[in-house]
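Here the structure is laid out as structure tokens; the discussion comes afterwards.
Lettered A, B and C in written order, each chain numbered from 1.
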Amino acid sequence: MRRFRFSNIMLWVGLLFIYLPMVILVIYSFNESRLVTVWGGWSVKWYVGLLDNTQLMNAVMRSLEIACYTAIAAVALGTMAAFVLTRVTRFKGRTLFGGLVTAPLVMPEVITGLSLLLLFVAMAQLIGWPAERGILTIWIAHTTFCSAYVAVVVSARLRELDLSIEEAAMDLGAKPFKVFFLITIPMIAPSLAAGGMMSFALSLDDLVLASFVSGPGSTTLPMEVFSAVRLGVKPEINAVASLILLAVSFATFLVWFFAHRAEENRKKAIQQAMDESTGAHLQAGPDSRRDPSQVHA
Amino acid sequence: MAVASSAYKKVLEGDQQPKEVLVKIERVTKKFDETVAVDDVSLTINKGEIFALLGGSGSGKSTLLRMLAGFERPTEGRIFLDGQDITDLPPYERPINMMFQSYALFPHMTVADNIAFGLKQDRMPKEQIEARVAEMLKLVHMTQYAKRKPHQLSGGQRQRVALARSLAKSPKLLLLDEPMGALDKKLRSQMQLELVEIIERVGVTCVMVTHDQEEAMTMAQRIAIMHLGWIAQIGSPIDIYETPTSRLVCEFIGNVNLFEGQVIEDMEGHALIDSPDLERNIYVGHGVSTSVQDKSITYAIRPEKLLVTTEQPAYEYNWSRGKVHDIAYLGGHSVFYVQLPSGKIVQSFVANAERRGARPTWDDEVYVWWEDDSGVALRS
Amino acid sequence: MNISRSLSRRMPSGRHLVIGVPFVWLFLFFLLPFIIVLKISFAEADVAIPPYTEVYTWAENKLSIVLNLGNYIFLSEDSLYLAAYLGSLKMAFVSTLLCLLIGYPMAYAIARADKDIQTVLLLLIMMPTWTAILIRVYAWMGILSNNGLLNSLLQSIGLIDAPLQILNTNVAVYIGVVYSYLPFMILPLYANLVKHDQSLLEAAADLGSSNFNSFWKITVPLSKNGIIAGCMLVFIPVVGEFVIPELLGGPETLMIGKVLWQEFFNNRDWPVASALAVVMLAILIVPIILFNRNQAKEMEGRA
């Protein structure tokens, strides 16, 4: 039992380690004083000031736009990759394919960023496309590495699905494509949503890839924050960071809330079905009337 | 019980009407890489019958079923349905529907939508679909659950929905994959009868796969015993139990006592077998065609036909002395394990017809004996 | 396996499309770029757009390829680069170890918690990974600086007289790396530990094994795949980490990601940056393959 207690203590210490700095950051974003380390009373002036910072607001809008496109494309691409990995067990180059799908998960971002930029430069030279780097090239970069995350999440779900459900649909006359859209997609919908949210967040957060492949005039939010932060702590940045933290926590809470509610409903329904069927047994089954355990029920 | 006895009755009477072949499996072989799952199997399934493929895991019964459904393609051989070669048809073009072991209900659809799914694939008009779904729901007594989702149903209810779904398209052939596999034991016997009743009412031909011999014998009119990819015997439950053609079959179905021996007398009307395990010879009430070189034979007798008595039988053949080695009381009957003088232990089922009767007990000297026509002589 | 094979065979045209689209995308935007990096690492820096010379030229119907090893020789001659590689590896190794030591008990505690609490705890661990690493590192800048919260606290309770220099040292980088990558260690460990059959430990206890002994002899060996996945998810990206050493590290912090960034953005020496990337990839290829094989094994194990 001692080890169990030790691991529990570690858990709470670890969570404190993870969350304390963020809480401190949020508190200090309400600091009146310009000196970020000296407490000068509560204030929301840094938040108000953000609205006037058009450069920052533009970067926010640009980042959100890229994140939206990325989430959509990464879910589509990652789901296809996951489907191939789990359902098509044999084809030439499967090992290479598996490697290509999972490698972006761990590849250092500086390498991916540098190599993608060099690709875009070479392509621009060779075929004249992409003519300039910007939202499009950032989107391609983000989609590439986000689809790896989607593929991992979705393939985990696909693997635990009962294959006979898809076979049943085919048995009842649905062609493979129809099976995929009518049966498979609805069953893996939660993991598609999770993959989409993850891609959105990853795209919104990325600094390194965007720094490499963006062009002039397409600065994203993390790039703005980074260039400000490099020179030290600033109260405006505290406010931006806090807003991002709050948005992410809120989204996390929503995910938990809906998942929790769905699970509760499911449990209730199963309980109800079980109650009914045992009730029906009592009336219908001649055997159960003799069952001694049921006599006092 | 009335239903099961009707299936049983049909077997006893031996269908009067001429048999019409629905499915013809012609020398079908299926290999996965190097392993042979199904090995040169040929069989025919008649219209309107319930046919069971019975075997252990790895016997190839499921692979054969999946080839009928179209999920696997035979490596060699052809499959015909109603005279049409369906070997290369994909599952969605075959007039065959399957009830899966896990039921495979679509979790995101209601009971009604599940049943309607196959009909929608045929682009049937909406009113017709609704009517057909209602009819199916009524057939399986699930009308009041039409709007439920699968996870809101009990195991037995799910099975009924799965059955309704696979019957909705009026398939020419219904496949059942371990139909009782997902149910607990008590519900099984009840659902077996219900399932047979529904299938017979609809009149659909049915092939089922099971590893449970009791299930196969209760539900099917004919059974094929599969082992390592080939069919060991095809026949009615009675044929298979009472006249197995091989040691494999009689050991697979029920319990059996086996005596190895040599044929010492072989006549038109009877034969005598000498087994070193028994003190007296075995008398068989018919001739056994033995070859001149090989006189060895196996005599098989079921435990319920092997009788235990405390008095020495008056006959010349078919008995032996023994000692009660162990007794297992199972309620309805007891199993006596009797050790013969040779050391061999045989089983005998003794019905517990009286509540308490004078019976042999442990280490008692007893005799085991049987009637002339109780056992089967097996060449293999 | 048989099932999926038969499913796939049933879609001759769709099959090619489904395999083809992600394959082509990944080939074009993930594999091909590495080949270009390799090519440019053999070029020479040039004052041009783009700032490097062509490796091959097509003149007088002759294809001439000039492989310039100068960049690699340059890397090996300047001790700065070697120190940066070693610094990165040391940083990655030590912080992976720290993450494992902190993360394992945490993952274990989550896996043993009640089901309802498990989901909440998991979300608490996962949430930071959805927040920019930049912001989480930034939070530490305010805490660790000379007149930051930590120094003020230590001074006010009288533990130290003068502020400790923590920000812009390797200690700050270690804190930042462990802080940022801890969730990536915990999640695969949890995914593995939660699958363990509790009755194995009960069986061990029944056979007289102490808790401590069961932990080392049963739990740890069974979680091998989780440990490998977690360690690789931390080690590999940390070797190339740029943001953390840039913001928390100081002049003493030599890490290859930072050096590569400087070569590329500050010196605009694309060929040397490419050579740095190629060498980094060569160092990391073994762990990456290890990670991929481990992933594939996990996937097949469950299938």
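A few points about this structure:
In the analysis below, a residue touches a chain if its C-beta (ideal position, glycine included) is under 8 Å from a C-beta of that chain, and two chains touch if they have at least 3 such contacts.
Keep in mind the model is a prediction, meaning the values are calculated, not measured.
Closest to the middle of the protein, by Cα centroid, lies chain A. The greatest centre-to-centre distance from chain B, using averaged C-alpha positions, is reached by C. One simple way to say how far apart two chains are is to compare their mean CA positions; for chain A and chain C this gives 18 Å.
Chain A and chain B have Cα centroids separated by 52 Å.
Between chain B and chain C the centroid-to-centroid distance comes to 58 Å (mean Cα coordinates, whole Å).
Chain B has residues 71, 90-91 in contact with two or more other chains. Each of residues 3, 7, 10 in chain C touches at least two other chains. In chain A, the residues touching two or more other chains are 164, 167, 170. Of all residues in chain B, those touching chain A in their complex are 69-71, 90-93, 96-98, 100-102, 104-108, 117-118, 121-122, 148-149, 151-157, 165-166, 169, 186, 190. Of all residues in chain A, those touching chain B in their complex are 162, 164-165, 167-175, 178, 183, 186-187, 266, 269-270, 272-274, 276-277, 285, 287-288. Contact residues on chain A toward chain C in their complex (touch as defined above): 1-4, 6-8, 10-11, 14-15, 17-19, 21-22, 24-25, 28, 36-37, 77-78, 80-81, 83-91, 93, 95, 97-112, 114-116, 118-119, 121-122, 125, 140-141, 143-144, 147, 151-152, 155, 159-160, 163-164, 166-167, 170, 176-177, 197-198, 201-202, 204-208, 211-212, 222, 225-226, 229-230, 232-233, 237-238, 241, 244-245, 248-249, 251-252, 255-256, 259-260.
Taken in their complex, chain C has these residues touching chain A: 1, 3-5, 7-8, 10-11, 14-15, 18-19, 21-23, 25-27, 29-34, 36-37, 40, 50, 102-103, 105-106, 108-110, 112, 119-121, 123-128, 130-136, 138-143, 145, 147-149, 152, 179, 182-183, 211-212, 215, 232-233, 236-237, 239-243, 246-247, 257, 260-261, 264-265, 270, 273-274, 277, 280-281, 284, 287-289, 291-292, 295-296, 299, 302-303.
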